[in-house]
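Both complexes below contain chain A, partnered by chain B and then by chain C.
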Partner chain A sequence: MHVLASFEWSVIWDSQGALWGGFKHTMKAGVVGIVLAYLVGLVLGALRAHRIPILNQLAASYVELIRNTPILVQIFFLYYGLPVLGIHLDVFTVAWLSITIWGGAFMTENFRAGFEAVPQRLSEAGYALGFTRLQEFLYVTLPIGGRIALPSTINSAISVIKNTSLLLLIGYPELTYVANNIQSNTFRTFEMFTALAVYYLAIVWTLSALIRFLERRLALPEAF
Partner chain B sequence: MNAQAAAPEAEPVVRAEDVRKSFGENVVLDGIDLSVSMGETLVVIGPSGSGKSTLLRCINLLEPIDSGRIWLEGEEITAKGVKVAQIRQRIGIVFQQFNLFPHLKAIDNVTLAARRVRHMSRREADARALELLSRVGLQEKAKQHPHQLSGGQQQRVAIARALMMEPRVVLFDEVTSALDPELVGEVLVVLRDLAETGMTMVVVTHEMQFAREVGDRLLFMDDGRIVEEGIPSDVLDRPKQERTKRFLRRSLQMAHSLEELSITDQGEVE
Partner chain C sequence: MNPLPEWFRPVSEYILREGVPETLRMAAIAVVASLVIGVVLGTLMTIRFRPLQWLIRFYVEVWRGLPILVTVLFIFWLPAFDVGRHHVQLSAYQSAALALTLWGSAQVAEATRGAVQSIPNEQHEAAAALGFGWVGRQTFVILPQALRRMVPPLVGLLVNTIQNTTIAFAIGVNEVLQAGQRQFENVTSGLTGQPVAPSYAPFLIFGYVALLFFIICFPLTRLAAYLEKRLT
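Moving on, here comes the complex of A and B:
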């Protein structure tokens, strides 16, 4: 009760401008990261599901590497590691690139599983009509397997958004970075992190509502 | 019904020579020779596992053969370097499980390949698809998705889909086996009408009445070989080979009553 009674709304109002700026940065990295992660996942998932030689193994190694190392290590590697090799990336590039690489690995597995769940007999129906392998993928496996994969991609997309908060550690001015700065100047920790949680909840709920809407629009019947 | 008119020197639509196919140790096709004339309805019967379905899948190049050769209208389709996807456009196949694309409406199932492979305009494709759907009695269902249709209706859409590519021959792989009994008739009627238009057809089936009435010629397969062939009523009523006799006796359709049958020590129905 004591904490709630002393809840200082004015700290949040006063910081609205700064938080909004952080929100925009979160969204910039997050949206680019999610869109690219979907693209990476679609392409690599297709290579995996169709067992395209060499590329399949490369994609599998990439997935293994990313899923089995902490994302923070990956961010630090891009930001502090690559310059040693003479590759200097600015903060924003590392921001969207690191979460793309991380999200892409999970999306690859989501789409691989979806494509592999397409019954063989439906692919055959496509081939029997005269489709080439590419046409079969574009018009049969992709639309059906993509729909199967959609629910699991939501979780990955949400994780990508939430992981943008780690970008504060390389100084990318996203939401968590901004909130953390304000609380260290004002010492209003509780207020700032409450506001931060509300921001993230709003983003994640909006995102999942959007994808669930898509899911309903594209729904397949239970048995096919 | 239509084959007798074909001149003897006319090129068969499908010809197979000594086709062999094994899955591991299991020999599925053990030297099949086959010829299907223009306009002919060839019916293939035989016990399950006799290689009937595999034969169709080999003709459509869905299964690679181990040895032998297959020709379509005189062109060898088992030769190296043939364009498989192009060959398959000329060979329609209808599957036991219908295999309609679940995300597409009936009409889009029918038009998909014509639009994507033949680059037919949507307008032209839709008009032709509606024609075909009305031929199989489903014009009103054009906008429905497969799961909204009965099994018999789905199978008729699948037939329209195969016909859309204007195939030279259509292969039917036990197309009524997955259907509830009361839905079998509507599919067989479509097949009969199609045969009457002069379409070249190879029909793998367990429907003996259909084989008798619609087939121009009947093959009995067992153990990957063609055991007997001839005019359907001849083979069905006066089988020459012992294996054919046993098969026909065993299939309930040909027994006059269940009481005539019993299970032998080997677990077989006699």
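Moving on, here comes the complex of A and C:
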């Protein structure tokens, strides 16, 4: 166990500042991506659950296209392919845009499933009260279906955060980029990846704990 | 009447000939290894022995919590080490396959645990009453039922693994995306003696790479959805 015996804490210590900078970049792209992906997912999920003609099919095609191609290919397409059409995006724009497009597709599915799980009789009760379709959605389907969908959307948000690591390949200076850079200068592979793992697992495990908490708190009563 | 430009033919043929087999082979290795390791770990997790449960839980949470790229880079950059008398230095291909297996086996372990625990207790008791020991109960009664419930998510795992092979791009494995990138550099460098491809080359090449993945993954996604529906 030569590796463990020569573990140099000072390597991690000395790169704390750089890693923190990378973490901030990860969160910057990640948070923008997650917020926008929630918006995309809510709107498209509602369109799909209510089977709005044409828009429903368009949203379904978008979801299938994104789900069945690797996100890294999507990133490359945005970064290298789009300039041909005269669309030049800088690295940060590609960063948040690519994970928004990817996360939006998964969240569309999460919300669609949640909205479709709302019992028919509840939305009928809404209409019986004289609600319009929009009112029915806002006051019945959204609160109940959103509650059902919430845990799975957080799962998608976790995946979005993890996918920000791929932005290393277009040179976005996020966590993995920073750690990988330091380790290729210092050859301190074990130390740098330990620090990197601590960062990622702290984010991912916190969000997983949030899912378990919400699942308990938001579980619908048995009578549903 | 070929609408595609002259330079594109060798490019697409290279990606099909070199990239696609590399991607599919790596995905196949990773999925089979994930299945074997994951089913064993997931079954062991249902034994009520706390230290073992914690140990496997830690394995699962670490490998599915880390971005796969981080795992790939970590394994690839690890210095060579000795196991007994064997000197181990993993190639890029092996590193990527191992990283995908660690991630995949964590997914399978969690799915197996859930499926095994969803089998009613009566099944265990009935099998025990027939004189099966623990191993016999698991192999002949519980796992056959549990695995059936796992088929749709396992097809999903296959789709994800096929897509995740692109992460091996980062360490230079010649999978589909890398093959596309190399061809992109080739046709735009002018070094090959041929006229330089037009500026829309990357649009076409990466679009083609995306299309290949779509052709492979879309039927599998539909299959998973169909199996899921039939099961319920």
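Keep in mind that, in the parts below, the second predicted complex is superposed on the first by the 210 of 224 C-alpha atoms of A that agree within 3 Å, B and C clash if a C-alpha of one lies under 4 Å from a C-alpha of the other, contacts with A are read in each partner's own complex, and residues count from 1 in each chain.
The working rule: a contact is a pair of C-beta atoms (placed from the backbone, for glycine too) under 8 Å apart; a residue touches a chain by one contact, two chains touch by 3 or more.
Please read all numbers here as calculations on a predicted model, not as lab measurements.
Of the two partners chain B and chain C, more residues of chain A are touched by C. In the superposed pair of complexes, A:165 makes contact with chain C only, with no contact to chain B.
Once chain A of one complex is fitted onto chain A of the other, the partner contacts of A:28 are absent, as it touches neither chain B nor chain C. In the superposition on chain A, contact of A:193 is made with chain C only, not with chain B. Touch criterion met: A:130 reaches chain B, while chain C stays clear of it. After overlaying the two complexes on the shared chain, residue contacts for A:50 are found with neither chain B nor chain C.
Residue ranges on chain A touching chain B, taken from their complex, read 121-122, 124-132, 135, 138-140, 143-144, 147, 218, 220-221, 223-224. Residue ranges on chain C touching chain A, taken from their complex, read 61-62, 65-70, 73-74, 77-79, 81, 159, 163-164, 166-167, 169-170, 177, 181, 184, 199-200, 202-203, 206-207, 209-210, 213-214, 217-218, 221. Against chain A, the residues of chain B that register as touching in their complex are 60, 62, 85-86, 88-89, 91-93, 95, 97, 99-103, 112-113, 116-117, 145-147, 161-162, 165. Considering their complex, residues 2-3, 64-65, 67-74, 76-77, 80-85, 162-166, 168-169, 176, 180, 183-184, 187, 189-190, 193, 196-197, 200-201, 204-205, 208 of chain A touch chain C.
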